[in-house]
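Same chain, two partners: chain A is paired with chain B first, then with chain C.
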Partner chain A sequence: MTVREGAGWKEIPRGGLILEPGNAVAYETGDWRTFRPVWHEDRCIQCLLCWVYCPDAAIEVKDGKVTGVDYRYCKGCGICATECPDKAHALEMIREEEAGADG
Partner chain B sequence: MSLKVKSLKELAAAPQWLTPGHRMCAGCGAPIAMRQLLAAAPRRVVVGCATGCLEVATTIYPYTAWRCSFIHSAFENTAATMSGVEAAYRSLRRQARVEADFVFVAVGGDGGTYDIGLQSLSGMLERGHRVVYVCYDNGAYMNTGVQRSSATPKGAATTTCPAGEASPGKRQPRKDLLAVASAHGIPYAAQAAPSHWRDLVRKAEKAFRAEGPAFLNILAPCPRGWRYDTAQTIELTRLAVETCFWPLVEVEEGRWSITFRPKKKKPLLDFLKPQGRFRHLFEGQNLKMIEEMQREVDENWRRLEALERLTAPAEGLRRSS
Partner chain C sequence: MGEDVRPGTAEAAGRDDRARRRRTALTGNEAVALAMRQVEPDVVAAYPITPQTDIVQFFASFVADGRVKTEFVTVESEHSAMSAVVGASAAGARAMTATSANGLALMWEVLYIASGSRLPIVMPVVNRALSAPINIHCDHSDAMGARDSGWVQLWSEDAQEAYDNVIQAVRIAEDPRVLLPVMVCYDGFIISHALLNLEVLTDDEVKEFVGTYRPDRSLLDPDRPVTVGPLDLYDFYFEHKRQQAEAMAAAREVIPEVAAAYAALTGRSYGMMEAYRLADAEAAVVVLGSAAGTARFVVDRLRREGRKAGLLKLRVFRPFPASEMAEALGGLRAVAVMDRCDGFSAAGGPVFNEVRSALYGLDGVRPDAAGRPQGRAPNGPPLVVNVVYGLGGRDVDPEDIEAVFDLLFRRIEGEEPRGEDGAGVLSRSLRPSPNTEVHYLGVRE
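What follows is the complex of A and B.
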């Protein structure tokens, strides 16, 4: 149960407890971004280094393979693009406003 | 104790105890360290966290980025709190009132570990609670706006040891917390860096297996406090390791070992140069401070090599084990 905004003290759990584990997923930090990483599947060598170095768990992995970047949470720090091996260069940073209407 | 370290594919399939949607700054090193550490957890985890960036920014009410039980009590007592949790758990297990298996993790930043939480950490280590204590060391009180701590490196500028005409930044060297922790005679203590994830995960696995308290000190760069571009976080921890500013070492049952030896040791300058907190060192009379810092790094490395030789098991023992 996530406490609704403006809830009074009688409605909230005692002691300020938060009773729903991991409910921060409802808080999307993607709008912090100035730059966004764009992932090129054709160049990706599936080393998963972007996944292990992402501070925001924003690299999507399914069945052991990178499938994209979760823009709901990515803050655009650029670590993934820096750490992506030179020979792959599968992640590049572009300005958020160049991303187009889909993002 | 030899361990086969999991592949990234295997780690990515492990439960992710820290969710996205937390509000640590972009490029922060602490959540990287935590994600790597917790991916190695063998069972469900219970996390206790001292006041600090990680605690504040992962649990902004009414949200929590933790998929596990998470306890925050105060700045100075996370080790005491987790000691109590672990002792209560053992008692409940004895009474057969709890069946589930857990591992216990206490986390503090360098402020909550090197300074404010040191006595409760010492107590926990001395009493022998089976808790993994993890310090994410970003080298200052970053959460409150970059005040110096006893983990701040010599020469760094912070708001309470600013660089200027009268001061070259912090004058004192860092506290050697790994030595302090290992002096308690605990089964496992180590220092790690997220750039070297394989080394970090291996150390985390050893810490979780230890039959007693374990201590891990993990370097966690802070773009705001160290003053560098957010994309360089991992590059900086790599440079910290390759310059031997942050040696990767472990102390297992009193035996010291260096777990990573740079093929070619880089000059300390390479680590200092990209960081704004050291910028003043490259001007005029402060240059000699860099030489002094380099000497200290070299001396520390020699000391670690000596400790490694000194505490190595005797030849005969090694063969029979």
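What follows is the complex of A and C.
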């Protein structure tokens, strides 16, 4: 059972029960973010530590290589930037408002 | 623990033969522990606190002696006890706990999680005063504080009713129209530790009455996965609270249905409330808990003297039976609502405020087309005064209740409230507004 946006109290499962498994993908938690990680491909050494540590599976990887950050789900916790080796410094946290309209 | 009925015996065999049903002397806590054993919930998690302690002690011995298959979880606090039964209930178990006073206070956060998650947990609450100062004796401040936590509240006059309420609570809680947790409240020591000769059902009768709990959703069902207690913000939280309000309203239908089924089994009949000699009464007291028995005794005494006294015993406080209340009290001249709790609103106790609210706006003075007064309150709604009594276990005697009736009859005769209304036991009243009298019964000036 998928809960329709704007559904009334008679239509939704009681007590906040979620009956549909694997639905976290439908909840885009990226809109909570205050800071965002910016990935610099030129500095990245492809160690994949950011991918390992990201608590939200928001580091995008293709063919074994980091390709970017999925801002739909990234909450901006900064763990990726902390774990990124100092010598690489490929992930940099900036304020959301500095990200500009392209975010 | 008193002798109780074992299944498979001659006594238990004939379920329609009431004469064979066992009468036995039990304390309130023994009776409630017996009811819990007979219900045999899947999980009990509890932490001992006076005066609830021996429920947990008795139940632990049932587990140790192999008389129940219940998973008994010993926990380090009441917060954990309630959390454990929340988890068990969400996992599809029939789950129970029990507490009193400060233990209930420590559960506070999780009480709302149980009701908000719509988990049909049953919990005896042995009423005791809250600290500070520390007091182990009866008043209702513990359960009254939890009145808005979304739990159904059944109140008991004696050990028999506490026993009967626990068994009915299981069916009320688990009814698909309700799915709310239920507190079974009864007075600490006065009921919990006093012996009463009461009638108990056989184990088989109880098991048949409560049936097998079949939750429609369970955390332990891998074929139908479910998430319980998720984040729920401004988009749906309000809708879920509206569902809860509807469930509590549905309990107003379910509680009398369950009571009727229980009456068919036992011959003991319970409604949302009991109207005792109210039909032609002029003055009445509204009481919940053990003081109802004292009040009934006083009503009988006054009736023998020709005074039109009555009693309204409130059994169900949540959901609040407002329309039944208006029906029962609307025609009276004066009513005293007894609160064994000072809600510290400085405008009267919790029961008083809800009872008087139920009587507000009764259509009484507007005449019909023929010029006759109409409605349930032909003389206008009754005067309603508040009497706070029995805090911290202060005893309440027939003479105390009689002083309350004296006050009501003086008001009916036209005596205006003064700063001090003293028949000795009624102390100087609070007058938070010109139409509100809050009396303190049995406190020393």
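In this text, the second predicted complex is superposed on the first by the 85 of 103 C-alpha atoms of A that agree within 3 Å, B and C clash if a C-alpha of one lies under 4 Å from a C-alpha of the other, contacts with A are read in each partner's own complex, and residues count from 1 in each chain.
What we mean here is this: a residue touches a chain if its C-beta (ideal position, glycine included) is under 8 Å from a C-beta of that chain, and two chains touch if they have at least 3 such contacts.
Quick caveat: nothing in here was measured; it's all calculated off a predicted structure.
Legend: residue contacts after superposition of the two complexes on their common chain; A:Val69 is shown touching neither chain B nor chain C. Of the two partner chains placed around the shared chain by superposition, chain B is the only one that A:Ile79 touches, whereas chain C remains out of contact. Contact with chain C, but none with chain B, is seen for A:Gly15 once the two complexes are overlaid on the shared chain. Once chain A of one complex is fitted onto chain A of the other, the partner contacts of A:Val3 extend to both chain B and chain C.
More chain A residues lie in contact with B than with the other chain of the pair chain B and chain C. When the shared chain is aligned, no partner comes close enough to touch A:Cys50: not chain B, not chain C. Touch criterion not met for A:Ala90: it reaches neither chain B nor chain C. When both complexes are overlaid on chain A, the residue A:Trp32 reaches chain B alone and has no touch with chain C. When the two complexes are superposed on chain A, the residues of chain A that touch both chain B and chain C are 3, 12, 16, 18, 21. Here chain A touches chain C in the complex through residues 3, 5, 7-9, 12, 14-19, 21, going by the rule given at the top. Remark: chain C residues 116-119, 179, 217, 224-230, 232, 235-237, 239-240, 242-244, 246-247 touch chain A in the complex.
Per the touch definition, chain B reaches chain A in the complex via residues 8-9, 11-13, 16, 18-32, 35-36, 58-68, 194, 197, 223, 229-235. Within the complex formed with chain B, the residues of chain A that make contact are 2-3, 12, 16, 18, 20-29, 32, 47-49, 51-58, 61, 64, 70, 72-73, 75-79, 81-83, 93.
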